[in-house]
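Labels for the chains are A, B, C and D, by order of writing; each one numbers its residues from 1.
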Amino acid sequence: MDSSNILSNWRSKLHEVIYGTHTPAGKLFDITLLIAIVYSIIIVLLESVRSFDDKYHDFFNISEWIITILFTIEYILRIICVSKPKKYIFSFYGVVDLLSTLPKYISFFILDTHFLSVFRALRLLRVFRILKLIRFVGESNNLIRALKNSRSKIFIFIFFVFIVSIILGTIMYLIEGPENGFKSIPQSIYWCIVTLTTVGFGDITPQTTIGQILATIIMIIGYGIIAVPTGIVSAEFASTKEKTPNLTNSSCENCGADIILSDASYCRKCGNKLKNNA
Amino acid sequence: MDSSNILSNWRSKLHEVIYGTHTPAGKLFDITLLIAIVYSIIIVLLESVRSFDDKYHDFFNISEWIITILFTIEYILRIICVSKPKKYIFSFYGVVDLLSTLPKYISFFILDTHFLSVFRALRLLRVFRILKLIRFVGESNNLIRALKNSRSKIFIFIFFVFIVSIILGTIMYLIEGPENGFKSIPQSIYWCIVTLTTVGFGDITPQTTIGQILATIIMIIGYGIIAVPTGIVSAEFASTKEKTPNLTNSSCENCGADIILSDASYCRKCGNKLKNNA
Amino acid sequence: MDSSNILSNWRSKLHEVIYGTHTPAGKLFDITLLIAIVYSIIIVLLESVRSFDDKYHDFFNISEWIITILFTIEYILRIICVSKPKKYIFSFYGVVDLLSTLPKYISFFILDTHFLSVFRALRLLRVFRILKLIRFVGESNNLIRALKNSRSKIFIFIFFVFIVSIILGTIMYLIEGPENGFKSIPQSIYWCIVTLTTVGFGDITPQTTIGQILATIIMIIGYGIIAVPTGIVSAEFASTKEKTPNLTNSSCENCGADIILSDASYCRKCGNKLKNNA
Amino acid sequence: MDSSNILSNWRSKLHEVIYGTHTPAGKLFDITLLIAIVYSIIIVLLESVRSFDDKYHDFFNISEWIITILFTIEYILRIICVSKPKKYIFSFYGVVDLLSTLPKYISFFILDTHFLSVFRALRLLRVFRILKLIRFVGESNNLIRALKNSRSKIFIFIFFVFIVSIILGTIMYLIEGPENGFKSIPQSIYWCIVTLTTVGFGDITPQTTIGQILATIIMIIGYGIIAVPTGIVSAEFASTKEKTPNLTNSSCENCGADIILSDASYCRKCGNKLKNNA
């Protein structure tokens, strides 16, 4: 056996560990990664609480460096063991993986305290890491499929809600006016959406009788049309329930794309022949 | 060929551009109009923000004049190229088209600053222009049909919500009284609808124990009966899903009404024989 | 023909006018009654607004007397033209009809100003008059039937919501305590229902971190279980949609009960043979 | 007959009274227990209201002792009449039954006033007693079954809501910042869930224009995705409606587990052959 064969063998094994979920090593890797992601997010959250940051600033800093290095190693390994690295790097998760490691490195080069707020914004990107969790739990699920199918209808519905809000928001601005808290048409539209979606903060409320009557109408409209997206999704759920084939949770050796349907023989992304898809 | 024939030909072409959506020219016209509408609405919105208006007053003024002139030309062209102009003028969109051009002209003749608030109210009508957008996206959709079919049931439901609000609002007024913010029965009804629709502004809240118990009951009623409109629309969606024939997006040459169903041979509004309905 | 026959004839005609909805006279009576009810409710509502009451006190007073007398005449006529008056008097609408006339008469005998608040409470009962409107629009509708069928399930659901609120409300009371606005367990339960039903007044809000975490959980529970009543009613709607026979809107000559199903040959309340049920 | 036979007979009868619901004695026991539970909870609730506790402290104290003793007797009897007491003791209701009696006894041994807050926490456990009520009304119902079946989907949905809240909450923290009430990322996430679930307390509200635009997007997302759990549960209800066999409400003589399906011949928990399951 020549060295290229050994390397290929080694890469194939690494691929199994990183992308696979069936072998014990693969499962261990996934769980470790998951814990690291959750841990890194908790650090970001707690760091923003001033009283915590004052006390444990050094601990947070060291934790972030460890996580950043771990994520960097993981990112490099992912590139190495995939046959077509370019496809991975420019895929959605590839970009997320890269962006979730960068912030801390940038904070190393730019020491100016004026840029601290920018750092915070960059650090935020690491929160997107949690999206990886969806990969484990979510994608192999017909929930997202039902949402995708009713996407266009939900878009039209949201668009309709938006138009109604513009019209009613403008009318409310003319009725109530800046003296009752409706300072501008955009703010009135904001209030209108707050009311229509039944959120109702209460920071702005109608004071005039006509304003309250219109508010009542807006509320009843909002209460009534909440039925529309529900009806759409319900109908979609009922129809998708029958069609769904069995699901699997493996991954393509070639491009790293997830294999969702158990009856697949070829990767739906790169066309690679799949070996052991149960 | 005589001139009447040439005119007829020219009108037929103009009709295709303005009302049609299949030809490149027709699509270009539609998109231009769409951009103009959205732009005009953004101007109205930003003009109401005092800080913007102070800075860019002249820019807003000129923009409004340009849009008003464009809309006027469009309105005249629409009248010219339809066979029965009267039907278009008194149709819903005809009235909207006219009203969305008028406000700026009126502001030209009436210069008295005391009438400024009236101007604002007139300018508002231009917001209705956005309703045209629905024509492109919305009407060729069975979403609105499902809503129309369940209209009578939703009306009864809203009527029921209203009666419950009157009764419970009156009881709340007697329990809480003006000293706890429930100043009159109409205002108590307003509060009751705010609570029943789960909006909950919090500007008026029950203070007495009995009032809080009744509020609890109102909330649970509201939480429970939200299921009713949803149930109605869901059932309607499930049943309309099967019946729907193929949809088209053309328009009648005679009266300008939209042709929705692709199997139509005659305009459902004026009975005109349709030519190229695919 | 003897006089008893004439009287019977006269009563039968009166019955047709008051309870029937098919003859022109019957329709006129119904519409007149409807207007009277709506008018009387508007008077009650406006009377509670202090500024209106100061200005139009005499007008309101006279209006109330006229309506009271009209309702009294109507009540007496209803008793006369029904074969079994006792059944009508002790039926739900019979009691409502009586109670909606009483308050003004009582205000005549008791002139002591200390009892004014009691008067207000009695006057409120007239609001129940509007329930009569439901008779015209609502009962001949399978909406109420679907609600009635899912009554037991909705009751269990509300019961469950109540238990969850008691448990979570008690926990919130222990976490936040009186110093953060959660003054007692009943008030914490009140807050919990406000949150669970997604109303969210904001008069009481958690201040501690643990309290906010629990509040988050309560909100997500509330957001999740709103699906339950919807699911129940939707399923009920889907199943009742097929079964519904034709509906009618007549009334039993004997006891005054409404006849709902057009295939009925006997009154479902008193067993009286129905004559002209189309 | 020997004494062991008499004892067995006596135990069998006691079992019928405590666990059975078919005999008059069994029904009487259940109703008595139900009243005792509701009474004990009302006492806990009212005790927390300071004005009540000041007046009726002794009455509350005596009431609690009586209830505690009754619950203790009931607990002992339950252990005696079940064939396998261990299974009952470590079952969910066994633990609840024990915990609902303990607090008052502990308050007897620990008299230190510093521990009063701990007592309150222990007393709270008695509230769980009400869970027993669910046993009577709830378990024999396909409502809970539908919820259980859609458990995994609802979990994914809540998980998704949580991730969206973390991402949007972090963005809101960066936009609004501590100066506008968004003091830390955890608190921003809390606000985000308050908004997403359409609760909308209004204690924290966005002040900047960009913040209000993002808030609008969050509200519309929340308003849109409320359809998802509803769709899930509706579909589940529709499918469970057909499958459900007849239900019963008896109980296993051996381990005390509830028998739910009327076609069961053996206890699904311990495999005991059932005698009189109608």
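Note that in this section a contact is a pair of C-beta atoms (placed from the backbone, for glycine too) under 8 Å apart; a residue touches a chain by one contact, two chains touch by 3 or more.
The model shown is predicted, which means the values in this text are computed figures rather than measured ones.
Participant: Hey, which one of B-D, A-C or A-B is the same interface as B-C, over half the contact pairs lining up?
Facilitator: That interface is repeated by A-B.
Participant: Quick check for the class: compute each chain's Cα centroid; which one is farthest from the centroid of chain C?
Facilitator: Max centre-to-centre separation from chain C belongs to A.
Participant: Is the contact between chain A and chain D built from the same residue numbers on each copy (over half shared) or from different ones (under half shared)?
Facilitator: different
Participant: How far is the middle of chain A from the middle of chain C, if each middle is the mean of its Cα atoms, in Å?
Facilitator: Here the centre of chain C sits 47 Å away from the centre of chain A.
Participant: Which integer distance in Å separates the CA centroid of chain C from that of chain D?
Facilitator: The answer is 33 Å.
Participant: Mind pulling the chain B residues that touch 2 or more other chains?
Facilitator: 157, 186, 189, 198-202, 226, 230-232, 234, 238
Participant: Which residues of chain B touch chain D once you look at their complex with the stated criterion?
Facilitator: Contact set of chain B toward chain D: 198-202, 230, 234.
Participant: In their complex, what parts of chain B are in touch with chain A?
Facilitator: 41, 44-50, 117, 120-121, 124, 127-128, 130-131, 133-134, 137-138, 141, 143, 146-147, 154, 157-158, 161-162, 186-187, 189-190, 193-194, 196-203, 226, 229-234, 236-238, 241
Participant: Which chain C residues qualify as touching chain D in the complex?
Facilitator: Residue positions touching the partner: 153, 156-157, 159-160, 163, 166-167, 170-171, 173-174, 178, 183-186, 189, 195, 198-202, 205, 209, 212-213, 215-216, 219-220, 222-224, 226-228, 230-232, 234-235, 238-239.
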